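Shared between the two complexes below is subunit A, which pairs with subunit B and subunit C, respectively.
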Partner chain A sequence: MTDFRAEHRAIDWASGEIGARIRRRNRAQLRLRLVGMAAIGFAFAMLATLVGSLLWTGTRAFRQTHVAIEVHYDAGILNPDNLQRGNYRAILGATMQALFPDLPDSALRKATAILSNGAQFMVRDRIVADPALLGQRISLRVPVSDPYDQLHKGLIDRETPEEFRRLKDDEIALWDRLEAAGAVSAPLNWGLITNADSRFPELAGLRGALMGSFWALLTCFVLSFPIGIGAAIYLEEFAPKNRTSDFIEVNINNLAAVPSVVFGLLGLAVFLNWLGLPRSAPFVGGMVLALMTLPTIIIATRAALKAVPPSIREAALGLGASRQQVVFHHVLPLAMPGILTGTIIGLAQALGETAPLLLIGMNAFVTAAPGSPFDPSTALPTQIFIWADSPERGFVSRTSAAILVLLMFLVAMNALAIYLRNRFERKW
Partner chain B sequence: MTTAAFMILLAGTVGAYLLNRHAAEQIRNRGARLHSLAGFHGLYGALLVAVPTLVVVLVWLLVEGAVIDRLVMSGLPAAALDGLGAGERQLILSEITQLAGGRQFGQPQPWVLEAAARMVRLRLASDVLLVATVLALGGGMAVLAWRRVSPDFRARQQAERIVNGLMVFCSTIAIFTTVGIVASLVFETGRFLAMIPWTEFLLGTRWEPQMAIRADQIAAQGSFGVIPVFLGTMVITVVALVVAVPVGLFSAIYLNEFASPRTRRMVKPVLEILAGVPTVVYGFFAVLTIAPALREFGAATGLPIAPNTALAAGLVMGVMLIPFISSFTDDALTAVPRSLRDGALALGATRAETVMNVLFPAAIPGIVGGILLAVSRAVGETMIVVMAAGLIAKLTLNPLDSVTTVTVQIVTLLIGDTAFDSPKTLAAFALGMLLFVVTLAINVLALRIVRKYREIYD
Partner chain C sequence: MNRAAAPVTPAVLATVKIQARGVQVFYGAAHALKDVSIDILDRTVTAFIGPSGCGKSTFLRCLNRMNDTIEIARVEGTILLDGQDIHDSGVDPVQLRARVGMVFQKPNPFPKSIYDNVAYGPRIHGLARNKAELDAVVERSLRRAALWNEVKDRLASPGTGLSGGQQQRLCIARAVATSPEVLLMDEPCSALDPIATAQVEELIDELRSQFSVVIVTHSMQQAARVSQKTAFFHLGHLVEYGDTEQIFTIPRDPRTESYISGKIG
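Here is the complex of A and B:
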């Protein structure tokens, strides 16, 4: 003991050696803090880069360059009995001729290429809707084709040597003349939401994808919400504690960890191949998503049921309610805010799910929005995948814009979930 | 017609409810004492109508299409299908279906027209039969329920038994899903292994699933060795973990030990956002921003970075996994009892020493479990790699090179039209089986580690 005490006394806490040691230890602590801050900084920087690059490229697609043209529905070109099949290319050619009267015929084709490929259909639809226009002149704003859209948005560098540029000098000169004439404008791109998919970026929109996602999510909700609640009520309130219910629980927890692409394989093999359900249908997509969302809803519902205090159950039982009456009349309504929160979060996950939808063919090229859940269609995330794979430059900004739309929906759903939780959830 | 069937079902259910409740109320009004409330009699009637009829309608709709297709195909003249493969039969069937839907292209053969007409007739017959069945079954059940209404009938118990049965059914859906996954994977993998020996699949070092579709095409004989694909998955997973583990660990340690509660409240939700971003968005981010940046970096430094390098996919996947690792670490650190922390601090340890020497070792089982779950996420992650990783399987461990993964191969083999008789399609199911088994094994292992090595402090 004495030795120990002697040794103990030998430490001189004020000595330089001890001071250096403490400084060293404090420096080590500071290093750990800095590393931790750097780690958080890295995560934040990645998130900022992600959002920033999407905003940077995506906001461009919210405007679409248009050019104002004056169309003459020439009675000499169009057959009034068959307006559907007129030579609208020739009409557009004549329009461009009027804009550039000095151009030779060979250059006129380049001038017509300024207009979107869909311009002829817009011109056609206008007169099909109102045949009285025949022989008249109207002014129309039509989208321009992708290269000129890029040029107008400043994405094509005029300084690049001509042979590496998508637009040659004479084409740019034509464009500058249009711009000088005040024919060019870039209004908000409503087509992004109101058009369905198209091969041409200037015409492609998200309508089909939005409808497809809507039908798929509706199917997913209709299936997974009642089934999930039923399963959760049974497991939480009624199931005897035996091997069967343990087995069910293990199953549910495992399903929550199965990779999503495996659910796609299930859908492909069982729903499409064995049951012969239609390919690319949002209904089938919704069924697969429902199987994936089910564990989330069950787990959230069980947590919400568990949070209702036993005194509620005992009071209801004491007044003579049956066990099912207790659950359906008292416990379930009290647990509903928590259940809805979990369901919305599950649906938000389902909205962003891509891989299983690819496997059941929801990456089809469909130019019409689906009218029912059984029509072929895409969904928002698969549309993003298709556009990301398209070679045209214009699809880059459209992909980012589609992602921004998807993220907007996700933020809205999560905000709703948080609102429900804060507004209605009770603390007991 | 299907809508009509559902409307009848709905009307029948509501009708049976009202009918039975009314009948029960009348008995009560006559002065008899009912065993159950009138509402329960109504509920019993509604359930008795709704459940069996709904089951019949759903089963009918599920099998209707397949049965009609089969009937139409078997009714074709025998000569028409001679020597045709499954793909060609499928084409004929879709032509008939198009015709039956009123879309005619070109001049079909007369027997095709006839088959289309037969398909239309069969569909109409099926619809009429369905509505008739719904009417008969629903009506029969309604009458059955109505005749049971009596003062002594224990309607509450009966109705609750049905509700209970429904809930049991709901909770077995999870089992059916697992069974469905396992059955489809095992079945298709079995067919694959009947064509390709399992030794070649598991031990082969070449993965070239592109094979001749027609006999006269010149193409490589497909080879299905899974090792390069699996190696590629490992490379990307390791890159992802190299990013996610340190960042997740140190951010959790900082938040848990050094950050003020206010910082914590602000930083944690932002980290959680990273977990909520859909993977297709990460994939596009990798293609749009990370891959070009890496390419420029490679050009500037002379490193041989491939255009779709494993680094891009792995890096972005790592970012996706940060909140995963961070929240598991956070939970594990918080679970260490206060007394250990206080003890270490009281002995004069700095906060950093307390974390690294006391809390961290105690939390290791939880952290390792979290990392394993992250591995299983990374192995099963699909969209990031489909968009940012390569398609060609190379036997390499170099993360600068382009590699492919199990999930990429599943998706590329199955995208577009698929025929269920070529090894190319079935290979995707074999890969899916492998993926399912590996991720399941990792998950089970992770849970066991967490359970087994967790110190019990109470």
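Here is the complex of A and C:
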């Protein structure tokens, strides 16, 4: 044994050299913290800008300007045997004439143009539903057309020279008379979620897109959840660990990194051209999204299965449970929260995915919400794509509003995933 | 292993439960257990002692074929349970594990209720025809594990909420619920405090009246306290096997002697 005491050297911890070293170390740590805080601050600023600008433009679409009119179902104009095909334009013309009795016939067209193009159909639908209205007068609130909606929301500047303005002085004068008469209101725009798409922004809504996304996600879930869990259980619990399973594992990880547009092309080539499935159908969209979601679910499930401690498997095996019983009685239930979390995150990704849906034609202009997964339809992200591309001013705020709706769903799904993870997290 | 010279005790007269002959275990290329032959007696507590890594757990896992679940493990040799080869094609390893129960080093109750923990084995093997029978099995097993009085009012609460010692007794109750003939215990007290250890040791002594108990322990005092037979393993060899008293007082092999006297391990 060597004598360690002989080698012992006293260290002067109070020396200047050591003090300088400590100060240097503290400064380096402070710098790192400042850089980190700056990075986080920057990220938050970007997020706030994004959400702020969406809210700024999007909230305008949450209200829609309406005007109250009194409709006279004139028995002289309408044929009681064919109410469906009556001349409702004439009825609206008469209505506007009553509102502006001093207006010459030539200017009446302009007055009627204040009302949305859909107003005649609303007037028609009321009497078709209740034929007893023939000959009666009813009060109705109908949406106004896009330029007047913009005007009411202050998005058309009255100071702009007339030749550069969408609404001329006489049109604005008509509007001001309506407003002065107290006929104008701007209630919450439920049409944004209850209407399907339309050429006219004041009538366009997300119902078709919401239903399309719903059917597509349902298809995606029904396909990818059982297949993904089955594949993961087999790979994790039953497959022999050899070159083949390594190869499969690597390729599943690769699959998760494939750009989504490639899955769209695959869907186009296989599902539409080869199998002849219908274009624009949420069912096909869901199948393509399932291809994308599968690797996510497989990877999340395998991670969740791996996280179940071996002691639980040993306990069950030691009691004489078969491999299958061990998996289905013990491992899978314990892994379920992790699996669900991964699945929800995968579905949230699928909900926001645009490119593959564009390729299989889910950006079609469809004015009816799909009744089944096989009807043509859009989805939320493709609807945003379509609206963002539309020239009418009213679609600008509707695009932002649609993005807000999509973000709301994404946030809700991620929140659910986080809740599940925290609620069922186990400490071993 | 010169058993003829050992003093004749009642334990020696007991019947042989397990006969192992020439057992070898390989983990991949590593030769973990080398030519082990041993007769384990019925209604006897047999202790496996030896330094860490000498193959005690490995041999224990041979007895209920738990090594089958380790992919790289390969077992050679014959092991007879009541005269029948457990590697026979007619023996289902899954059913064997109901006959040869196991208790692990770290208490590992299922994250289910106390009742469900104990009832799991009888359920999967169809040992109870109805709820009343199952209730009876659960109560009997918990009584055998000396846990009934502590948990009888909260059978529905989770088994993971019990103290460490209670959890280990729950694991013992769970293992005895399938009415095994042999109970294998791998260092069952190493995660327990001294009081819980004493309770489990007392329990082991009682279990001896019904089962053949094999216990791996790193504590020689524990081996001396609970076992009638002791086997000393060293570097994958079974060095010496005999009556516990003899092993601890007049060991024949110099390796046993140095281990007992604290020079190796």
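One rule holds in what follows: the second predicted complex is superposed on the first by the 386 of 428 C-alpha atoms of A that agree within 3 Å, B and C clash if a C-alpha of one lies under 4 Å from a C-alpha of the other, contacts with A are read in each partner's own complex, and residues count from 1 in each chain.
Operating definition for what follows: a contact is a pair of C-beta atoms (placed from the backbone, for glycine too) under 8 Å apart; a residue touches a chain by one contact, two chains touch by 3 or more.
These numbers come from a predicted model, not from an experiment.
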After the overlay on subunit A, what do you see for subunit B versus subunit C, clash or fit? fit
Counting only touches as set out at the top, which of subunit B and subunit C does A:407 meet: first, second, both, neither? first
Once the shared chain is lined up, is A:194 touching subunit B (first), subunit C (second), both, or neither of them? neither
Considering only the touch criterion stated at the top, classify A:79 as touching first (subunit B), second (subunit C), both, or neither. neither
Is subunit A touched at more residues by subunit B or by subunit C? B
Have a look at where A:241 lands relative to subunit B and subunit C in the superposition and call it first, second, both or neither. second
Given the touch rule stated above, what does A:314 touch, subunit B (first), subunit C (second), both, or neither? second
Quick one: classify A:322 as touching subunit B (first), subunit C (second), both or neither. both
Report for A:160: first if it touches subunit B alone, second if subunit C alone, otherwise both or neither. neither
Figure out whether A:185 sits in contact with subunit B (first) or subunit C (second), or with both, or with neither. neither
Shortest C-alpha to C-alpha distance from subunit B to subunit C once the two structures are superposed, in angstrom? 7
Counting contacts the way the document defines them, which residues of subunit A are shared by the two interfaces, the one with subunit B and the one with subunit C? 322
For the subunit A and subunit B complex, residues of the former touching the latter: 25-26, 28-29, 31-33, 35-40, 42-44, 46-47, 49-50, 53-54, 57, 226-231, 233-235, 238-239, 245, 247-248, 251-252, 254-255, 257-266, 268-270, 273-277, 291, 294-295, 298, 322, 324, 348, 351-355, 358-359, 363, 381, 384-385, 388-389, 396, 399-400, 403, 406-407, 410, 414
Under the definition above, what is the set of subunit A residues touching subunit C in their complex? 240-241, 309, 311-312, 314-322, 325, 329-330, 334, 426
Residue set of subunit C touching subunit A in the complex reads 64, 66, 69, 71, 94-98, 101-102, 104, 106, 108-111, 120-121, 124-125, 171, 174-175, 178
Where on subunit B is subunit A touching in the complex? 62-63, 65-66, 69, 156, 160, 163-164, 166-175, 177-178, 180-181, 184-185, 187-188, 246-251, 253-255, 258, 267, 270-271, 273-274, 276-285, 287-289, 319, 322-323, 350-353, 355-356, 373, 376, 379-383, 386-387, 407, 410-411, 414-415, 418, 420, 428-429, 432, 435-436, 439-440, 443
